[in-house]
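Each in structure tokens, the structures are laid out below.
Two complexes are shown next, each including chain A; its partner changes from chain B in the first to chain C in the second.
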Partner chain A sequence: MSTLALTSPQAARRSLLTLLANETRAELTKALRSPAFVLPTLALPLAFYSLFGIVLAPPGGGNAGYLLATFGVFAGLGPALFGFGAAIADERARGVLALKQVSPLPVGVFLGAKLATALVFTGTVLVGLYALAALWGGVALPRPAWLLLAVIQLLGVVPFCLLGLCIGLGLASSAAMGVTNLVFMVLAVLGGLWIPIMLFPGWMQAIGSVLPTYHVAALALQATGRTAGTDPWLHVAVLGASAAIFAAIAWRAWRAMPR
Partner chain B sequence: MNPDDGIAIDARDLRRSFGRTRALDGLSLKLRLGHVTAVLGPNGAGKTTFVDLVLGRRASDGGQLTVLGHRPGSAAARLCTGAMLQSAALAAELTVEEHIALHAGYYTNAMPVAEAIEQAGLEALAGRRYGRLSGGEQRRVQFALAICGRPRLLVLDEPTVALDPDSRRAFWTVVRERATRGTAVLLTTHQLEEAEALADRIVLLANGRLLADGTPGEIRARMDARRIRCVTALAPAALAGLPGVTAVESSGRHALIRSHAAETTLRALLARDATVAELEVSGASLEDAVLDLIRSEAA
Partner chain C sequence: MRISSKLLAAGGLVAALAAFFLALPEPGDRQGAATGGAFAIRGARVFDGEQVLPKATVLVRDGRIEAVGRNLEIPAGVAIIEAAGRTLLPGLIDSHVHAWGSALVDALNFGVTTTLGMFGDPAMLRELKPHRESLAPVAFADHFSSGWLATVPGGHGTQFGLPVPTLTTPAEAAPWVEARLAEGSDYIKIVYEPKGAGGLGPPFPSLDAPTMQALIEATKARSRPAVVHISRLEPARTALEAGADGLVHVFADRPIDEAFLALAVGRGAFVTPTLAVTASIAGEGEGAALALDPRVAPFLSPDQQRTLTQVVQHRLAFLNPAVGLDATRRLAAAGVDILAGSDAPNPGTAQGVSLHHELAMLVRAGLTPVEALVAATSAPARRFGLQERGRIAPGMRADLLLVAGDPTTDIGATLDIERIWKNGAPVERRRYTPTTP
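Now for the complex of A and B:
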């Protein structure tokens, strides 16, 4: 049949990549044309880092280096949670998700484009953050450490995206925005992204230590040469497990949804 | 099943319940390529459920359904289906052209973007953002998305609700043209006028079952009933005996007479009862006609 003109596996692969690129470009265009959403997402981590990591930090206190690790995680939290949580709930309510689902667009490409968009935003903020840290924060790291830090902070958005997906698919759009904001604040503050977790009282530390943000931040801190947390593989295991749990919940919500 | 046998949708004994409600109760229906089929029926008749099953948005409880020989909702089925859903508020930030180009890219056999824009009558609006369009213009963009992939099955779920009369007629022309080129069109509507203007075939659903199935002419003949409301001295049995009368009811002081030949009925009524007062004649609505058909089924 001529409508199934996927003649070679290469052609099929290439066309999936084209679809992903087109869909991602559309997502980015949408975001860039709604500056009210984009500017805070991009500027907030940079502004906070400048303030707490550089301007207000006691000289030689190491704040710039510590907060580089944790604010880099914070940089990915917003794009991931809001791009998947509030945005998908909204698309669901407006019937856009239904239209995409009955179209030939593979669902993997739909989600892949959202992930790519979150990564582009996170990457953009990370570039600014690293520049601030290196130029004004006095942070000096060997090149492989910068690279490892970037990989951790970029890959770290995946569990947050999956958590956002649970919110976006599971909740009504009226509830999703509020819940996304709440989850965002809890994960940022209790996960120790703004204030080091060891400054918290014990019970708050206990809550913080089960949050995925804490574990991504622990890995990022280790990449910058700090001995925060414990065995890195433990953190990786916790993150893998929480990603799997979020994925399972999202899958259930997807199946239960009247499409 | 071979998709080239001219059948676009093949439904056999399709069943779907929501709780205790049987939305589809053993529906069997075949839709042919190149034909526009309008599915009519009162709310709750099963129209939307049927559309959802065809598009793979819901699963059936029983029976068989294929879309161009494929499982509904499968990648292969979606690749040859275009749909205009009842409500779809697209992203406000993208332009008309960007929306259509993005959607056309999903298909392997899409028409050029300019052609889709022209067919939907959006030439003057191509560069405008979706959020700045009127309701009718937005509906036309959604129509462009439905046809841009040159689908072999076009599903239109109450497509012209927000359209002005001119756009509606232009829309009908394009839909007819797609059908002439071999596309099967599944149209749900509340408007009898739309079904008559567009459809080769009208399928009437009620309570999840097929009630009537025929050309618009055949259906109209069954629906061309009028309602006469008046105060009369004649007994219901006498009214029922008047020429053309199909049903008689009473509502307070008034008699409600349904007739398939209102003029003849009126002449006879006025000749036999000089006291007739508060006379009203109205066209039976589609709802009435459907109710009539349901009643005649039950009898």
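Now for the complex of A and C:
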């Protein structure tokens, strides 16, 4: 608190921003130096979308447009879950997190940098997906729909990041990687990101409909003009509630950590 | 200086992203350019959508038909396709389909160049609309559609688990129609399957007559066609009395009567009998037989193979195909417009191929082969206001089907497909390896 007394509020905010920028750059550098993170998060959504949305999709069948909405959600799932879940568990195990805790780095900056990194990765994949969809998928949307889609698919990573945080703070490093992978697959497949959820049997749809990925995908589909027959605010409410629950769990795990 | 170069980089990134967003395509951006060039189809028997020209030459240029004539002079340098002894038809129009997945590719593979959806995903329709305005070569049939259909909660059309917006009262009709038109629907389809005397009828609820009437009136107020799904005579009568432009099935429960004929003629209504699907629901198994036809089998996609050989699980006992055939014959004889529709991909039917089945059924009902061909070309184009389709005439879109033999006397010859053109570009027919020995 003493720093606040010494500096003006603007300067404090500015130094915080500089701190966030530096921390984000460090996070990005770290992520980019890890091919095990970069390849799956960047290449997987683009490769899968090319395959299912374009190459294997019958022309004129509307698959490219539908899967653009769901694969754009998938694009954010990897960076969020792996960047927060497996990565934080690893940082904990190697003592990096403890180092950050004793350093004067505010926890908000630590998490903000990770969120910014997830957003940069997601945004990069989205640019690739939109280009594929426009050039080879025959997808054309009104300009506001393109923007709304991007906003939903970017903001949609927040609940996934918080879920990743629960895993990263709550589980041992050895378990975190496996659990992250499992959660990643379940959220992607049962949430209907790879295959439209209405093609599943009823019991699978029932499971899918409680997953946050399903609700982000429903909003993305609605943004592209696909009537999901549901109230968009319901999806927003479910996502808000699940984000709050994940945040509470993460907070408890944070408090329970030895320091 | 370091700050400003950073700002410059950030500004550049923002500008690049903005430029990227502005470059993303919007619906209607696609300015369809036809493949350049011209060709002439010489000496074929030409069914022009209305009548037969015994021997004519058709000149195609830039995706459109430029000229049709008996002794047409072919300009120098124009490629000539000799077609003596063959028959050239307008690309066929299927007036009753449900398009999902590979439907439009499968339809085009059998010479169906335009499809009228009678219930489907409006988002798919919106994505496809730019293509049907364009003359650029496409690998699939053009699509028009009602989008969703008008039905009650739990009614026919809701059994597929799709988010069909339902309604129950006349007061909801006008906003419902407005919402569909805003979604992109080209026309409105209404399901009318009320319980008959003694509570008989299909095992699901239906819109009531006042709501149907309100839907029809709201649709007509917007100058769009309102079509009604029925399966029985009395509901069909109520639908026409309510002002329906057409019926998208013929009834098959009770024999047609004079009063109904007079009503249909008086109202100028059209009927899309969908006889092939009625026969399938009655368990006649003609679809499975068609799947073995050597002119059909190699060209069936896995989806077509599956739906064509599928057997209806729940046969509707009140449907009698002979009644539908007889009603179709008498309606046609009275001058009511008959449209050919397959209702694919219902069990026992498949996209594209079942329109050929339907043409044969129409002839079996008593239409002449030429009347059947009219039902799949100029009649639907006229009744649904499809510009530049369904006829071979100057200015028309060059959607063409060249068959061996003479379907104007033997309707089965429509399956002897030799060439297909869509927007003046040749369509390479897709061959599939047969999946069953």
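Note that the second predicted complex is superposed on the first by the 252 of 259 C-alpha atoms of A that agree within 3 Å, B and C clash if a C-alpha of one lies under 4 Å from a C-alpha of the other, contacts with A are read in each partner's own complex, and residues count from 1 in each chain.
Simple rule for what comes next: a contact is a pair of C-beta atoms (placed from the backbone, for glycine too) under 8 Å apart; a residue touches a chain by one contact, two chains touch by 3 or more.
Remember, predicted model here, so these are calculated numbers, not experimental data.
**Student:** Counting only touches as set out at the top, which of chain B and chain C does A:Pro104 meet: first, second, both, neither?
**Tutor:** Only chain B; A:Pro104 stays clear of chain C.
**Student:** With the two structures laid over each other on chain A, which partner does A:Ser174 touch: chain B (first), chain C (second), both, or neither?
**Tutor:** Touch partners of A:Ser174: none, neither chain B nor chain C.
**Student:** Just chain B (first), just chain C (second), both, or neither: which does A:Lys30 touch?
**Tutor:** first
**Student:** With the two complexes superposed on chain A, say which partner A:Arg94 touches: chain B (first), chain C (second), both, or neither.
**Tutor:** A:Arg94 sits against chain B, while chain C stays out of touch.
**Student:** Between chain B (first) and chain C (second), which, if any, makes contact with A:Asn22: first, second, both or neither?
**Tutor:** first
**Student:** Show me the chain A residues, by the header's touch rule, that chain B contacts in one structure and chain C contacts in the other.
**Tutor:** Common interface on chain A, chain B vs chain C: nothing in common.
**Student:** Looking at the complex, which residues from chain C come into contact with chain A?
**Tutor:** My answer: residues 17, 20-30, 100-105, 121-124, 126-128, 130-131, 138-141, 143, 161-165, 183.
**Student:** Which part of chain A faces chain C closely enough to touch in the complex?
**Tutor:** For this pair, the touching residues of chain A are 58-63, 65-66, 127, 130-131, 134, 138-143, 146-147, 150, 198, 224-230.
**Student:** Spell out the part of chain B that touches chain A in their complex, as residue ranges.
**Tutor:** Going through chain B, the ones touching chain A are 3, 52, 55-58, 73, 75-76, 78-81, 83, 85-91, 93-94, 98, 102-103, 105-109, 129, 142, 145, 149, 152.
**Student:** If you look only at chain A, which of its residues touch chain B in the complex?
**Tutor:** Residues 1-6, 15, 18-19, 22-23, 26, 29-30, 33-34, 94-96, 98-99, 101-106, 258-259 of chain A touch chain B in their complex.
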